[in-house]
């Protein structure tokens, strides 16, 4: 086990804390120091809550000393994506329109983190309102990929992935509407899970697309993800779409997977999520991972999901439509930015338009206008209505596939991390990053991304595992098995091969 | 064929209450045209016999008991307000007419 | 703002045009908490003290549907003889307005919880009218803007507004009629009767206090004219937020007269929203309804569909109160009122008051006498509803009990009533405080009678000679001397006794 506390997994830290080998204050301070050292160049955080985190850590240490029964993750620090509402801590969703907003309430998942006494290190950077795949659409500057600071960390949750990948936090919270947890995990060599829709409460997540959004864990190991998912998951009466039944035993599933035995597990390779458009190095690592899974006893077959080819199109109708409505509340009347036009009468209507014109970035405006179009009279049936039908077809594809196999797999993303700025002016090219992750959101099924090696360019590749709704345990089992077998072959985690970051920001 | 004209973008921006500059209008018209053309392919398979899905996980009848919970304090309620007066949110005049 | 509007006299307007009306009634449900969150719904509370993050539409919040509100909506639907949807969803109605916290209203669009119903009304003269119900759907109320500055706080001149979100999220059920045709000159009366009927129904169902003056029940009235009953429907106007029965009647009347003048002049009626002015009884133009109004409805993704089981619906059906017309016939029979008497009682909105008064022990005749007499006059003078008077049916029954026991005469009872209305306490308390009891002590009365007879010695002779006319004068004098607290009948007996004895 590493001497450096920031190199340990959350499970390792939890064990050391429980054994009294380290204090939460030491662990928390080590991560705050790491943030101070490397976050200048990485820029994973929008807000660091040093004092609050240390106060929680001190409280945990005191309670532990007093012999209190604590949650297994008590005292293990966590970073929270800035789209998640935190009482008393600024929450901006990466948007200028929310600059300086301090919420008067906590998201349900934050209440659960606080109840379990995890020190919250701060809020992580993201594409504005989670719209993007590169974190370049943040109003507060780009986040940089710890593997190569000239490259994107993925998005929208680039901040959470980079924070975990750069050892600034052992755990982070992400949200995934079309891949915003899994795609950043893939390009930063970390682990990310989008739970079944309704597994984790959406109360307090600043909504992008209500029927697609889901919060989940961002970590460096599958077991850590399971630990965090079990903590934040479960029914919440404040979210009508929250699943009524308890989260299945995920930690147990991950531990089972770590044995490396997948005998009898049927794995389906999605024909439509491989091949053309996927980088050769990405395909090579994917194929090698399939060999590893076969070696673990899994039966690997190919399964076709014929309507997945329409998923991206349906997604870029459903998401903007719901977002155009969800983002209507940002109008400068009750909270956040208010911009009064300089010329003409300052009516409510004009102040709203001026505020939204100044407060929203390009991508947000693009999608709101697109969604307004798709919902407007005369176009609804052709666009939004048709997209909802495609959603049915994709669900049917999943249902048919899961009749044949236990999990479906694909590369998480078609390519490795691209250069900052490379796709900024080409929205369609940017949207293609999520081609493999989007079907899961449309159908509400769980998906996990786990590192599967480095591509020809020396950058991480992600392997995606998808399971039926409510069977999140399967993605943990298969993901943990692949992780254990690959790490055994690599002689350690993939992240250990990332270049050292220095305070100057140059990779070694 | 152009499906989204500059005028259409201006109409949509009005509906969505977003001031756009001339440059933005022009650029968005071009971009949205490309995007809409691309996403329009959903119509290829969205035939009349396929039902629409609005919610990914089918559930019905999720009700809350009619029980009162503690409201925010007035100070909390107004804490984010750009302007407030007499315990209320101060907002600009409602219609476009001159005072 | 003085805009002169050309009007055709109403009678002439309805002679030459066939009016068609439609009414949308919004009722605020009397739930303890709001439609989609646990915020309290207390009326008249300090501004923004009845809000949670959900009511304010803060970033990140989600709605959680109040089951009691759904139950109330279904019961309203059943009481309106509607079908109850097997499955229905909420939808978002998107429009920007500062009192709508999310800039969309969570409502129902093409899938209302109840649809295809009817109600049977009875007009003042007993004419039956059937109104078809298009739909009843659930939605949430908006906050309240107070316009500050500008000319008299009107929207147009306001420099800014102050917004209170206490009302935002209060559950509403909106009930929409199909076009009501064939009622001709009685359209205004039908409209008012319909709204009153619904108000009574909401109360009988116990789903709302349904107090018009608090805006618990609000009506939007649609009016259009056509040259003849077989012509297609004309262009309609929608007069918003008409909040009393009388106003509903006046608004319809005014619109018929106004639209007739527009059509007479050869112009066309503009499809628009209009505002009703209580003071003048007129309407004025609001927003023009145009195609630009594009609400971009779509299914609310944050709420799951409502699918009331048939068992639940049938169970709720058993909780429905008696149909008002049936109930009225039953009460009338029990009370022994004539048809005109009962109609007056219904039109005065006194059915429930009389029922409660009888339940509290008064006879139906006495209860009617009070509510339709003295109290009706008081209410009319004060321009308030009977039920708004500061007296309860139980107090009326108590008052009548004092009369029946001979402790009060009619005159004293009216004084006691005035005391109760003035907030001086219960009838018994007023009697004590004001010392208003009937003087039943014969000794005191005899003394007073003797004094009166002594003051007018000539009347004794007149009475003795068989002229009973002056007895009244003596009684009057005695009543005056006892400040009206004597029982006139007893005084008469004593006077005759004394004269005989004398």
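Letters A, B and C mark the chains as written, and numbering starts fresh at 1 in each.
Methods note: a residue touches a chain if its C-beta (ideal position, glycine included) is under 8 Å from a C-beta of that chain, and two chains touch if they have at least 3 such contacts.
In UniProt terms the chains read A = Glutamyl-tRNA(Gln) amidotransferase subunit A; B = Aspartyl/glutamyl-tRNA(Asn/Gln) amidotransferase subunit C; C = Aspartyl/glutamyl-tRNA(Asn/Gln) amidotransferase subunit B.
If you're wondering where the values come from, they're calculated on a predicted model, not measured in any experiment.
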| item | value |
| --- | --- |
| Chain closest to the middle, measuring from C-alpha centroids that were averaged per chain | B |
| Chain pair with the higher count of C-beta pairs in contact (A-C, A-B) | A-B |
| Subunit B and subunit C: spacing of chain centres that average the CA atoms, whole Å | 39 |
| For subunit A paired with subunit B, centre-to-centre distance based on mean C-alpha positions, whole Å | 24 |
| Approximate Å spacing (C-alpha centroids) for the pair subunit A, subunit C | 56 |
| Multi-partner residues of subunit B (each touching 2 or more other chains) | 15, 17, 54-55, 59, 62, 64, 72, 77, 80, 89, 91-95, 99 |
| Contacts with two or more other chains, residues of subunit A listed in rising order | 101, 103-105, 211, 237, 240-241, 324, 328, 331, 333-335, 348-349, 352, 372, 376 |
| Subunit C, residues touching no fewer than two other chains | 53, 56, 58, 64-65, 96-98, 161, 163, 294, 296, 301, 303-304 |
| Subunit B to subunit A touching residues, read off their complex | 4, 8-9, 12-21, 24, 28, 31-32, 34-36, 38-47, 50-57, 59, 62, 64, 72, 76-77, 79-83, 89, 91-96, 98-99 |
| Partner subunit C, residues of subunit B touching it in the complex | 15, 17, 54-55, 59-69, 71-74, 77-78, 80, 85-95, 97, 99 |
| Touch list for subunit C against partner subunit B, complex | 31-33, 37-40, 46-53, 55-56, 58, 64-70, 87, 89, 96-98, 145-151, 155-165, 294, 296, 299, 301, 303-308 |
| Complex contacts: residues of subunit C adjacent to subunit A | 53, 56-65, 92, 94, 96-98, 101-104, 161, 163, 291, 294, 296-298, 301-304 |
| Residue ranges of subunit A in contact with subunit B within the complex | 101-105, 196-198, 211-212, 237, 240-241, 243-244, 307, 310, 313-314, 316-317, 324, 328, 331-338, 340-341, 345-354, 356-358, 360, 362, 365-366, 368-370, 372-373, 376, 382-383, 385-393, 395, 427-428, 441-444, 469 |
